[in-house]
Amino acid sequence: MTVELLECHSRVLRGNPLGDPTLRRTPVYLPPSYPRRQYPVYYLLSGFTGFGELLIQRGAWSESLPERLDRLIATRRMSEAIVVMPDCFTRYGGSQYLNSTATGRYEDHLVRELVPHIDRNYRTNGRRAVLGKSSGGYGALVLGMRHPRIFHALACHSGDMYFEYCYLPDFPKAIDQLRKHGGLKQFIRAWEKEPKRLAGDLHAAINTVAMASCYSPRGREIDLPFDLKTGEIRKAIWRRWKSWDPVELLDRHAKDLKGLNGVFLDCGTRDQFALHHGARIFASKARRLGVRLTFEEFDDDHSSISYRYDRSFAFLSRYL
Amino acid sequence: MTVELLECHSRVLRGNPLGDPTLRRTPVYLPPSYPRRQYPVYYLLSGFTGFGELLIQRGAWSESLPERLDRLIATRRMSEAIVVMPDCFTRYGGSQYLNSTATGRYEDHLVRELVPHIDRNYRTNGRRAVLGKSSGGYGALVLGMRHPRIFHALACHSGDMYFEYCYLPDFPKAIDQLRKHGGLKQFIRAWEKEPKRLAGDLHAAINTVAMASCYSPRGREIDLPFDLKTGEIRKAIWRRWKSWDPVELLDRHAKDLKGLNGVFLDCGTRDQFALHHGARIFASKARRLGVRLTFEEFDDDHSSISYRYDRSFAFLSRYL
Amino acid sequence: MTVELLECHSRVLRGNPLGDPTLRRTPVYLPPSYPRRQYPVYYLLSGFTGFGELLIQRGAWSESLPERLDRLIATRRMSEAIVVMPDCFTRYGGSQYLNSTATGRYEDHLVRELVPHIDRNYRTNGRRAVLGKSSGGYGALVLGMRHPRIFHALACHSGDMYFEYCYLPDFPKAIDQLRKHGGLKQFIRAWEKEPKRLAGDLHAAINTVAMASCYSPRGREIDLPFDLKTGEIRKAIWRRWKSWDPVELLDRHAKDLKGLNGVFLDCGTRDQFALHHGARIFASKARRLGVRLTFEEFDDDHSSISYRYDRSFAFLSRYL
Amino acid sequence: MTVELLECHSRVLRGNPLGDPTLRRTPVYLPPSYPRRQYPVYYLLSGFTGFGELLIQRGAWSESLPERLDRLIATRRMSEAIVVMPDCFTRYGGSQYLNSTATGRYEDHLVRELVPHIDRNYRTNGRRAVLGKSSGGYGALVLGMRHPRIFHALACHSGDMYFEYCYLPDFPKAIDQLRKHGGLKQFIRAWEKEPKRLAGDLHAAINTVAMASCYSPRGREIDLPFDLKTGEIRKAIWRRWKSWDPVELLDRHAKDLKGLNGVFLDCGTRDQFALHHGARIFASKARRLGVRLTFEEFDDDHSSISYRYDRSFAFLSRYL
């Protein structure tokens, strides 16, 4: 098994407003016969709080991603391919793979820096897919819609969508946490000092802050989608969020999606963040707009579902 | 201690679409000196799944409401008064004290039947307050706004408001339950057969159905605020719900609220249904509109907070 | 439907160490044909924090016990009978229907006062059963074993037994709570002042204190089954507890149980207090000792299982 | 920063009954000045389901262990040292660092193989400490007691002890799981096939099985501490478990503990597995037996407490 740990100094992330590192380490999986041929490339996007390096780690009883790929290739469930695991992590936990004045230009980093860099340095055949789970599924869907010339197929596992169900219910908890700390700045400062992370309602709070940093930046600052004093939703900000909801992006990008060779979407029917509803709404609207996609529901929740990659790699493999 | 159990055959509930009983049992608390004087009357509204009779029951370690009233009067925290505990229960768990073609005319029952009946049969002085907790707090606020000639003061404990936070997060769970049963009708049928109630997500489901029966009836039927197939929010139905949100009712009824002598609002800052945010939004908007009210936050959640009645009875007592 | 609310001044509870009332209100259900014949009597024991009066209250969507009895009799699932609902509540939440120097002589109250009183004042035929759920199931089993001449049959639903599983896991939480308050006395004092009850780990604490008041009294005081300073189990005290475990009482009372006409035992297989294990252990040991009993497991947990009374009344009815 | 990934073929693990790998990868942290001097060695033991490699991985927002060590050394909180992170993982999740006929000779692997190997291949000064968290804390305490000539100091964070509180409450859940699968063998088979791990009560079950594999092996098989049919505790097996409880090991090993230079013990006072009670009981008994130890309680629970290593490395550093 070969996994190279690519170290890239990103130009587009230089001077990013959060002071996050411009040096990014990106694991690159190379298939058994490499470099004898030219290969398609999969970009596998991590979920919130994740980054590429975590995907290659072994855990108790679980396959690492490279082990999974070796098995899928050995059993001919997928063809040989290069798999790239980008690092678009930010101090708030994730960039949603978007450009934002508050976090940095992560979409550009991926599409304009990393993709060309891979093509220049590895034996690629010009065929690409993008896939991921949770926030990584969101990224796959959005990058696929926005860059149909670059990616030829996508797979979105349990991706963030229909923000009314997946984000809005966190707002009351986020408000409670932010108020408890005395405001947004103080919350972030406390967050960064604390040794302990993501316990209890903190997840709702940091997730809301991170999403605001991606969906509703105001210059280098963040516009929260609610009034911290009363808790009321700020409608104009919320509309900005919603304009990044895949369900709304569909209005503008149905045609782009149709340009892709393969679109795969799935979600567990017991998803804790209600993402199965989002997936159904997306799939139904996409079909109404004439998009062909493969949509699967499975009997599980949002956690520990990396076994679904068996399904998506097999699917995507047919189109690359 | 005297509590009479008033049995009334309601005319306005005759032929109600759910077939709920027209005979309603309403406990009436009479103060120690009764009937030597004339007394103000408090209408105390139960929460969801409750009705008046439950309020007079004793529990382990807890005062019944009549015991509480005896104590408050004996210690001069409140003046002597008659306290009426209506029964506006429906097969779905509650009427929100509204008229609805899908459940019955509970607002009329209370305002047009019960109030005159009490005035005819008890020694009342023409002064009235309405109060309650949770759905009862909602009822108190809405009846106070809509009938400022009838009620002279109101108190709302942890009342349903800002539906985006208190109801919308239940929709995904409700959809899951309704789909699991095969649809709304089948869900209700199963619900009524089952010996076991309100476990797990069932509460979200029956609560959503009950609220729809109050806020979005369609003739004798119910319009759900979401598409059962995809889960998408039906915007027109949701707007009907929102038009019953106290925060929106304020637009039309600020003047009526100003006509009341006393308005009391409170909520625990750890309310499980996020109602403290609703209360803050309501209080802030009401004040902006020139309404005088007493708003208190307290350090507790939504459960077992009947001790807050000590506060509201004392408050209301000054205005009756 | 006739339910009399019997008010008894108990002699044996006079001067009880907790200052609990000696006046006890005991609902007595009388069957439709009463008093035309002579009837068997069922003693129905409440669970922890309960007492007879709570059993006759109506709730949302649920039958009260008298409604249930009317239905069972009308549909001939059981024969006509008198059903007595004793009040053996204490300030700590319950007496386990035992005599204790720390709480009072509740076993005597029931067996020596209430039973004769019922026989003197109602048309009884000398046949008696005892039944209950949870702590009431414990009481039924223990009273049946200790007084086989008085009771001719018993039914125990989800009764407390195999204390290693149902009580011991609460000890760490109870210790945390008691320490937090500064000791047993301070905990009880705070407990009695607080308006809010049984939230979170408080249930573990008050339940442990209550059980100690029944199983390990030291004069009017209580011996806790652990060292409050380190948390270590005090083996001698724990042995006193275990001597009241139905599984151990069997050693001394198998013969008494054999003397009963009918013994019914059941438990839900998802009981939160692991009582299904206790029930299996009891049933298996009882059978090994030659006791005939009917043991049923059902697919449910510890809550809202009053529908199981349909089963036990039907069972007991065959033996009275 | 230098971390070597030592690959060792273990002789003592050859032919281990679970077929677990004999090739073990052990990260070895080398301090900044290495190899200019000779250094003490810390053996850092992973918790249940963990192994050394996991400790060197980076996570979102958290220091990896090597980063932590660099910082502690740079800020002079500890002296330079070699830190070894053994892999004593088994198919059941962990070996408790004991020899067992059912799992393998992990104690021997660590003490007789790994320690000499490190001394032969690295520049060590003959001073050693052992430390860990949770099952790793257990291992540190037990290895320290059993090998006081090899280890000169130990630190135990939130270690498994007082089995009545930390293991016994899991038994009912474990029984439920094992029965659901049809028995121990079937449970293990299903466990190994399933892609999803440790959800819900499965943790209780696999943890119980794993502990039985360490504390009560029967040849290559496992004796469960309960009767699977009734759930009753098997007293003889339970006694075998208890003989491995650090609280009981103290009786035989107090003298050995006294031989160590430094003994550090701590636990969070909200530990989910009630280990703070175990720690108090151990500390109190140890002191009674004349053992000098540093015992600290801190306000946290069992999760994400790796910041406590700052404390233990600083402590141990004074004794090596």
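For this structure, a couple of remarks:
Residue numbering begins at 1 within each chain, and the chains themselves are lettered A, B, C and D in the order written.
The definition used in the following text is that contacts are C-beta pairs under 8 Å (C-beta built on N, C-alpha and C of every residue); 3 or more make two chains touch, one makes a residue touch a chain.
Everything quoted here is computed from the prediction, not taken from an experiment.
Chains making contact with chain A as well as with chain D: none in this assembly.
Among the remaining chains, none touches chain C as well as chain D. Two copies of one chain, chain B and chain C, form a contact in which over half of the residue numbers belong to both partners. The most distant chain from chain B is D, comparing centres defined as mean Cα coordinates.
Measuring from the averaged C-alpha position of chain B to that of chain D gives a distance of 56 Å.
Computed from the mean C-alpha positions, the centre of chain B lies at a distance of 36 Å from the centre of chain C.
Averaging Cα coordinates per chain places chain A and chain B 44 Å apart.
Chain C has no residue in contact with two or more other chains.
Viewed as a network of touching protein chains, the structure reduces to one closed ring of chains, two contacts apiece. Across the whole structure, chains are in contact as follows: A-B, A-D, B-C, C-D.
Residues 49-51, 53-54, 57-62, 89, 93, 195-197, 199, 300, 303-307 of chain B touch chain C in their complex.
Touching chain D in their complex are the following residues of chain C: 162, 164-165, 168-169, 171-173, 175-176, 229-233, 269-270, 274, 277-278, 280-281, 284.
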